[in-house]
Structures are given as structure tokens and as C-alpha cells.
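The following pair of complexes shares a single chain, chain A, combined with chain B in the former and chain C in the latter.
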Partner chain A sequence: MVGLSVGEKHFIQGGIAQDLRSDGRKRLTYRPIYVETGVIPQAHGSARVRLGATDVIASVKAELGKPSALQPDKGKIAIYVDCSPTAAPMFEGRGGEELSTELSVALQRCLLGGKSGAGAGIDPTSLVVVEGKVCWDLYIDGLVISSDGNLLDALAAAIKAALSNTGIPKVDVAVETRSDEQPEVNISDEEFLQFDTSGIPVIVTLTKVGRHYIVDATSEEESQMSSAVSISVNRKGHICGLTKRGGVGLDPSIILDMISVAKHVSEQLINKLDSEIAAAEASEEES
Partner chain B sequence: MAAKPGSAPVTYSPNLGQKTRPPIFKDNDLDWVRPDGRGFHQCRPAFFRTGAVNSASGSAYAELGSTKVIVSVFGPRESKKAMMYSDTGRLNCNVSYTTFATPVRGQGSDHKEFSSMLLKALEGAIMLETFPKTTVDVFALVLESGGSDLPVVISCASLALADAGIMMYDLVAAVSVSCLGKNLVIDPVLEEESYQDGSLMLTCMPSRYEVTQLTFTGEWSTPDINEAMQLCLDACSKLGKVMRTCLKEAASASQE
Partner chain C sequence: MRGLKLPLSQTQRVRLQRAFEKLQSLSAKANSDASVTVADTIPVNYEDAFLKGYGTTDLNGELVATVCGVVERVNKLVYVRALRARYKPEVGDVVVGRVVEVAQKRWRLEINFSQDAVLMLSSMNMPDGIQRRRTALDELNMRSIFEENDIVCAEVRNFQHDGSLQLQARSQKYGKLEKGQLLIIDPYLVRKSKQHFHHLEQFGIDLILGRNGYIWIGEHVEARDSVVIDQAKSIEQSTVVEGINRAYTPLEMRQNICRIANAIRVLTILGFNIDLNLIMETVELSSSLKIDIHDMLGSEFHVLVAEMEAERRSLTTKRKR
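For the complex of A and B:
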């Protein structure tokens, strides 16, 4: 994917071994993160996150739907990621499909919690309007505009920002109907309900290059990785999901070590992200 | 697939956990039993058999409780012309469900990610540099889905690869753990999976003690992660032994 000469490869690997990466960062430093909210007026909530040259957009759309028969007290949440060919020529046609599915599945795993809904970043019970009859279906779409590594962390940050930007219209249920009928609902276009986004985790991807691991790898650095572990951590410091990429095996003790490092890094990332989101919301209101 | 004498299904339950942490279930959870009457840290009996498909280079059949899986391996054969030159071999994995595998017909198509998960679990164990310019195809078919499908598919696929004579560093054994309330149950069945609060799947190479793939869902605290990983690693090493015995049996049978 990334064409690198032997010299460049050594430069990257050697830099990481000495805790000074090619762009001057340390191993556990993120690139500056920029957040913009409300970029897509058509959606109920949206955000754009830039992390170096990586640029992603997340949008949240809500539609009224019917909850599934198995879980009548929960709304449905779907997460999809699209890799646009504008980001890289290899995403053209079906080329981006594999990466898109991988990212979507990883995000679903990290944000939606277990089957019972426990540990989910977004509480699915808050989406129910009338139990068993009407609920909000939340469609979260991620779009990769420009790719320079660490897509998963950027997408998770964008989704977190988009959800805190999301206003779900208030719904009034018209007079009580018989139990077998679909109730009539009235969607308000003035009152909006905000989400509680404090429980939404961030994803920290630790990329292992040589014997060390780094956060927020650029695509050059990713091309030198042996394996990468993406860990999603919430504010309480609990692990909400974990996925491993790259084929090379890891020793179990290294994984546990990575988890504790990710916890430590996530604290700073969550704080940074929260202040960026607040700043973005403030500047959106001004304009 | 008639079982030969001496090849009765063997279980691979880890023996840790209950000893190190006796009071896992208290008060209200005491009367809770698993749907098939197993203990929380007790695995289903595992049955493996190689050589299930004659036309394939290698194949294996696995049966754990009601989960039944068949995996065939084809190749190494020449990579498609459209693919670029590669001095390492390629691995191509596909997991599919029969329409009658799930309680609701055709529900198996929900598991699109299984193919890429199988690939990632296996590629770390295969010596890809031993077959340059060629592709190995691994096709898995879930005949009956009874819970813990992906771990069974992965274990079975590594056995099929061994049967095909593909060079590997080690067999890959996979085990999953579900978190229900504050209990950890190993090798969950379909019913338990649908109510789980969180799950962990670990695939590892038992002799090398290396994790090839690891996934978590749901919220986990650090002590729980440690306990669940220990359970999985222990179960994996036992499952590895069961798989090894199966290979040895097949080899000694063919010598006779």
C-alpha cells in the first residue's frame, strides 16, 4: 500500500525504538485533534474530526421505527462506515468494502456493548417511545474522507462528537389507542432531546512496531506494524471492547500491558476530546 | 462419520477459576443453572475428526454440543491472475451458514465478519512464506449453530489446515467466554449468547503461548479480564491437546 524504501523503513522503526517518531512525536502522543460539529444540516447530528491528515465525518440520523419483538424495550442502533474513493484509489468499487466492514464491526463491538445491551455507550432503552410499538432507529454513518492511519480512533471520536451534537425530536404520543393498534405520534420540530454522551467510550489503537507500541500511527507507521490492538475505554476506565488486527501473535502478558497503557492514554484523550467538542459546540452556536 | 472406538468426545474444561476464586456465585445466583446443566467453567465435550471431505486437500469436522461445523481446505493452488505477485502465500477464508443452521431460517447471514475474523485468527499461525505465489482456500460451513460458532470454526479450520499438510507454527485453538451478570460462563450455548452482557473470544497457539486473535464486547473491569483470559488460555491449551490427539489418531490409522 505505502511504498517505502528500506532506508525509510529503518528510519521509522529506529525512531520508534528511540521514542522519537518521524513527525517528532513520542510513542504515546496523539496528533492534534480538531473537531467541528454540525457540519451536515440534513442529519440530526454530525461532526468532522481531523487527526493529522486523517479526516472523517460522522452523521447521526434518527427515524421512527418498530422495536424488534425480542427486545421490545430497546431502540435499534446501526453503525456503518464508508470508505470513499476520494481518500485513496484502492477504495474504488469494492476495494474499500473489506476495510469498511472491518471498521463497522469494530465500532459496533466497541460502542454497542453486549447482546443484552449492557455496557453500551448509547443506552438503547432511551430510544423507546412506546414500548413494543414505536422506537427511534439510530443510523450512525461514518465517512472516511482522507486516510492517514488510525481511522478507527478518529471514527470513534467523530461518532462521540456527532452524538453529543445530536438532538432527537421530542415525540408526543396521541391519545391511548387499543393495544393491537399502532399508536399515533406527533413529532415536534421545536423541542429536541439531547443524548447523554458521557458514557460513550473512546478507542485507543496501540500499534506494535518492533518491540514497542505506539498510539495514533500514521499510514507509513501502520505499514510497518506487526499487529495492532484497538481498545475502547470509557470514562470509568472500564474496557468496552477490544479487537486485534494484524496476523502476528502476541503474548498474553503483552496484551494485558497494552490494556493498562490504553487506560492511561484514554484519560487524556477523553479530556482533550471533551474540551474540543465543547469548543466546537460553542463556536457553532456563535455563527 | 462413524466414531471409532477410543475416540469418544473429550472435554477440555479449564481447571482454574473454581479453585482460585470459590465464591463467584452468591445468594440469588446460586439456583441458576446453565441450559444444558453444565458448571460455569465446564466446556462441552469436543469431538473432532479429520478427512471429512474426500475431494479437498484437507478437511475436518467438529462437533461441540449441538454446534456442528465442517471445514475444507483447498490448495495451495495458483493465485488468480488478477492478483499481484506476492512472495508469501495468500490465505482466503470464507464462513457460511446453512439455511437450516439457525432457529430462524437464513439468519446465518448476520455473520459477515466471521470470514475476516477466521482469516485473522489463522494467518498468524501459518508459515505463509512456504508457498509463495499461491493461495490456500479455507471454506467453513456451519451445519448447525448451537453457540460459540466462531471459536469452533477456528479450531476446526486449523485442524483442516494441518490435515492438508499446510506448514504451521502451531495449531490454533479458540474458546469464548460469556459474561452473564457477574458470572463468567465458558463455551456459551446459543441461548446464553443471546442474553450475554459481554463476551470474550480468544484464539491462541497453545504450545507457543501466543494469542493470535482476541475480541471483547461489553463492559469489562481489569480483574474480570484477567480471570476470563486465564480461563480461555487454560481451556485453549486443553483443547489443543484434544485436537492433537485427533491428528495422531488419523495418522496412526492411515499407517495401518
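For the complex of A and C:
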């Protein structure tokens, strides 16, 4: 990440204060989002999302596995993010690990709900095949190819798009099995079940610079931030998760204000994202 | 269309394609056989003695290009000038760089080149304006002139023996750049011209087109008597800086800066050479169509700019004939 001179920092702060950022955006405007689906043919679902210069890929792979004994009626979902060294030289080797874990944990918190699976954006009960014996394990992987700020929003959008693109193969279970035996399953190659992604939340990250908050910060603007709050909101306007980054403390009233701003912004974002995903799927079918 | 990362609708794609074809047809007549891609044979008269330059190689007795670019012939030298290459500096180029290190009697600047450029302390004017030998005290106070991460405008003085550049900033127009934003584009889009410093009076904005692809757009600063503000004034200014009273750039000027910056971004995405006339025409196009500053980065404006440029070039070629 390149450093900024004092003059440039001042210019950025002034822009945010005057509601005119370096590329002409207002404080609450997102950069144009560009979605492509089906970029990884070997995965069950994949998507690539470009948000300005930020470029991320999400892929979904499903494998048959055994549900955990504590929750026999639920499938398992794992989310993991990797920061590629192509995004920044400091991500080489183990340099990107800290950021990767931070992003993975934030995404898990926002999309997977609590330990019991309550309130998850993705319904794990839809993943079970034979209760207690066979279930689908979903592995959602995110890859950061190019980083220009606002990785969390881009990754959440990519995961949502990838899940829309995911087709879980239909499974035929052999009916006659003894209760203690592993049932035989036949994975169909032809038929696929699409995921219902209307319940999946999006993440809106609000970055506080000076006295104002901005949405979708570039990496230059992020370098000026005092703190950032990432709020995950679903279509109904409910908060699904909240993460705060940055060392500066925030007054609780500011956090409540940020939440209401995020709710307001998320409506437009969800609509925009859905239309982009639909357009991407349509163009993928054409090609 | 070189993989434009723009979400274009079908009609926009068609219009853009048409505009690019028009532009290609206008320029093709000039040098259609001059542009080559890798492994193209270069048309050369093999009986004449000629020298093989950069970007060429001898393959089975034929001269073949090894890079994609334009064939240039200078007397007997035949070489291929690559299009997308790192910045190729020439003596006297105006460059904009960022200070990465303050070293002994010099600053190292990053200028989008394979090596960092060096700006010697002796190549800078001293605050008091007197031409004198730089003392140890001057060396200790180097940080008061330029610090790390400062943006500096300078001129290429010469090449050092190891290939790196030496810069000089002796004139009033060179020096630290503040109150604005830096844009980084591909260096091949900035051609050498008579003027790289543009003062846009109607906006009150300075536009510096660095040949290394760094473009500075900022508030206009009067050419100072000395490049550096002298010590007393700088102390006074630094305390004001720390206070919140330091005024931000006025909104209207900021809008103009953003509009120009977006115009340059659009032109680089479309791959046009950046020069002042083109930038001003793009800005006028956007303000005449009352396009919002952020919408300038949308696909519709890109298509409009491509069409405008195709029109403009066809008009100029018609006038020439």
C-alpha cells in the first residue's frame, strides 16, 4: 500500500467532509459493481465481483459428509478467505494470514449465524440428505485478487452471487437400509437444486473519517479511517451481524446512527446486487 | 476492445465498436504496415545493410518482432517501440514522483520506473534563494523540505551509470505538490509535448502531466520566489496545519478537480493519448450534457467520449484534405 503525503490526506479528508470524494462519489454511493457468475466450472457455484479496483472470487463446493452428532438435521457450511499475493506484495507467504482470518471470521459471523445455527443467512437444514447420516458439506472459499478497499462488502456480494449460481446435485437415497448402516446414495449428474438466496444478507461497511462516515472506501480512504463498522443486513432490514474494526472508540449513539444508515444503504445495494446477479446469470447462459 | 471492464448493454457495445472501427480506419492509412505483433515479420529490404534494434530478432533469416508495437526506422536502425512498456525516460522530461526515502544529501523518489530516481540536495533551490554550498545543517534539515510520501515534481537531469535517473528541481515551477490528487495511469499514454504544466485559469487548477504516468491535479499555486517556504513561515504553517482551522479546498474547485480526474480516467480506460485539449473537451462534454461527476465513470459516458473522439478525428482529417 502506497503512502500518502500530508497534502493528499488533507485533500481526501476535505472531500469526505464536503461530500465529494476523489472520484466524484457522494459519501453513501457505491462504486459500480460488476458481477460475473460461473467463472470456475469445476466448482458447484462461483462468482467474481469487481468493485472499482477491488476484485474477488468466491467459489462453492459441496461434498457429502456426515452431520455432527449435536445437530443431526443440519448440514455444515465452512467459509474461508484467502488473500492472494497478487493483491499486494505483503500477502506473500504468511503475510496475508491475519487479514484472511479477520475476513473469514467476519463473514462467518454475518452469514452463518450463531453456534446453534439460528439466524443463519443460509439455511443449513436444506442441506441435509438423510437425517443423522448424510448431509452436504458446503465449502465456500473466497479469494482476493486485487485489493482497493472494502474487501468485506465485495466478498459478501461474491458469496451471495456464488450461492445463487450454485447447483447442488440431486441425491437419490436407497430406501431399504438398516437403521445403523450408511445409506447408499446416488449423486445425480443431471439434476441440480438451486439455492434460495433471498435470505442471504449483504454487508455494508461504514468507514468513519473525521466526523463523517462513508460507504465503500477505497484503500486510500481506508488509510485515513479512525474506525469502521461492518453491518450485515438482510432483505427484511434485519441486522444479521456487526463487526467493528479500528482502534478509535465510538459513542454508542454513533453506532446506532451507523446502523440506520447501513439499513438505508443496504436496500439499494441489495436491489442493485440482485439485478447484477440476474444479468450475470443471463449472460452466462447465453455464452 | 481490449477487455474493457465496463458493463455495457448491447446497444452501447455496438456503438463503442463502431466508434473504435471509425478511429482505426482513420489512423490505419498512415501506418497500417508499421504496427506489428509478436512473431510478425518486419518488412525490410534485406539487401540494404540495416541494424537490428530493440524488439526484433533474426528468425530463419527473417527479421521478426518480439514485442507488440510500432516499427520505427531511424537511418539504418530498425526497432520496434513497444506500446505497453514501463516508462522510458528522456533527459528533460517532466516527472511527478513520490519520496520513498530521505538519504544522505539526496531524496529517492518512486516514479513508476524500474529503479527509484534520485533528487540530489544540490539540485534543489535553497529556501533563502542564495546559491551556496550545502552544509551539514542543510543536510539535517532535508526533512523540512521534502518528507517521506511527499509528491514532488521535477525534471530528468541525466542518467546515472547504473541506469537510474537523476532529477533536478531548480526552477520555480518544480517542487512539492499539495492540495490535490494524484492519478496513476499508463506512461505510454502521456506523449512528450511542449507543455506539461497546465494552469487552467477558468478553474484555478494546476494540471501537471508527468511523463511517467503520474498526473497531478490540484489547486493553483503561484510560482514562488523560492521553491521552499523559508523556515519561519514553515513553522507558522505547521502549527496551523495541526489546528482544525486549515481550510479545505472550496467545493467548486473540488468539483472541477474531480471532473478533470474522472475525464482522465475515462480517457485512459478507452486508451486515448492524454493531452490538454482532449481532457478539456471531455470535461466540456460532460458539463454540457449535465452528467453527474460520478456518472462520468459509467458506461454511457465512455461510449459518448469514444464517439466524440471519432467525430473529432474524422473532422480534422477531412479538414486536412
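Just so we're on the same page, the second predicted complex is superposed on the first by the 285 of 287 C-alpha atoms of A that agree within 3 Å, B and C clash if a C-alpha of one lies under 4 Å from a C-alpha of the other, contacts with A are read in each partner's own complex, and residues count from 1 in each chain.
By our rule, a residue touches a chain if its C-beta (ideal position, glycine included) is under 8 Å from a C-beta of that chain, and two chains touch if they have at least 3 such contacts.
This is a predicted model, so every value here is computed, not measured.
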First, second, both or neither for A:G241, with chain B first and chain C second: first
Touched partner set for A:P252, first chain B, second chain C, both or neither: first
Per-residue touch tally on chain A - higher for chain B or for chain C: B
Which superposed partner A:R48 touches (first chain B, second chain C, both, neither): neither
Touched partner set for A:G14, first chain B, second chain C, both or neither: second
Touching partner for A:K160 - first (chain B), second (chain C), both, neither: neither
Contact set on chain A toward chain B in their complex: 70, 98, 101-102, 105, 109, 112-116, 118-119, 227, 229, 234, 238-252, 255-256, 259-260
Partner chain C, residues of chain A touching it in the complex: 2-8, 10-15, 17-18, 20-26, 29, 32, 34, 50, 276, 279
Residue numbers on chain C that touch chain A, as the complex places them: 5-7, 98, 147-151, 176-182, 218, 241, 246, 248-249, 251, 254-255, 258-259, 261-262, 265, 292-294, 296-298
Sites on chain B touched by chain A in the complex: 112-113, 116, 120, 123-125, 179, 193-199, 204-205, 208-222, 225-226, 229, 233
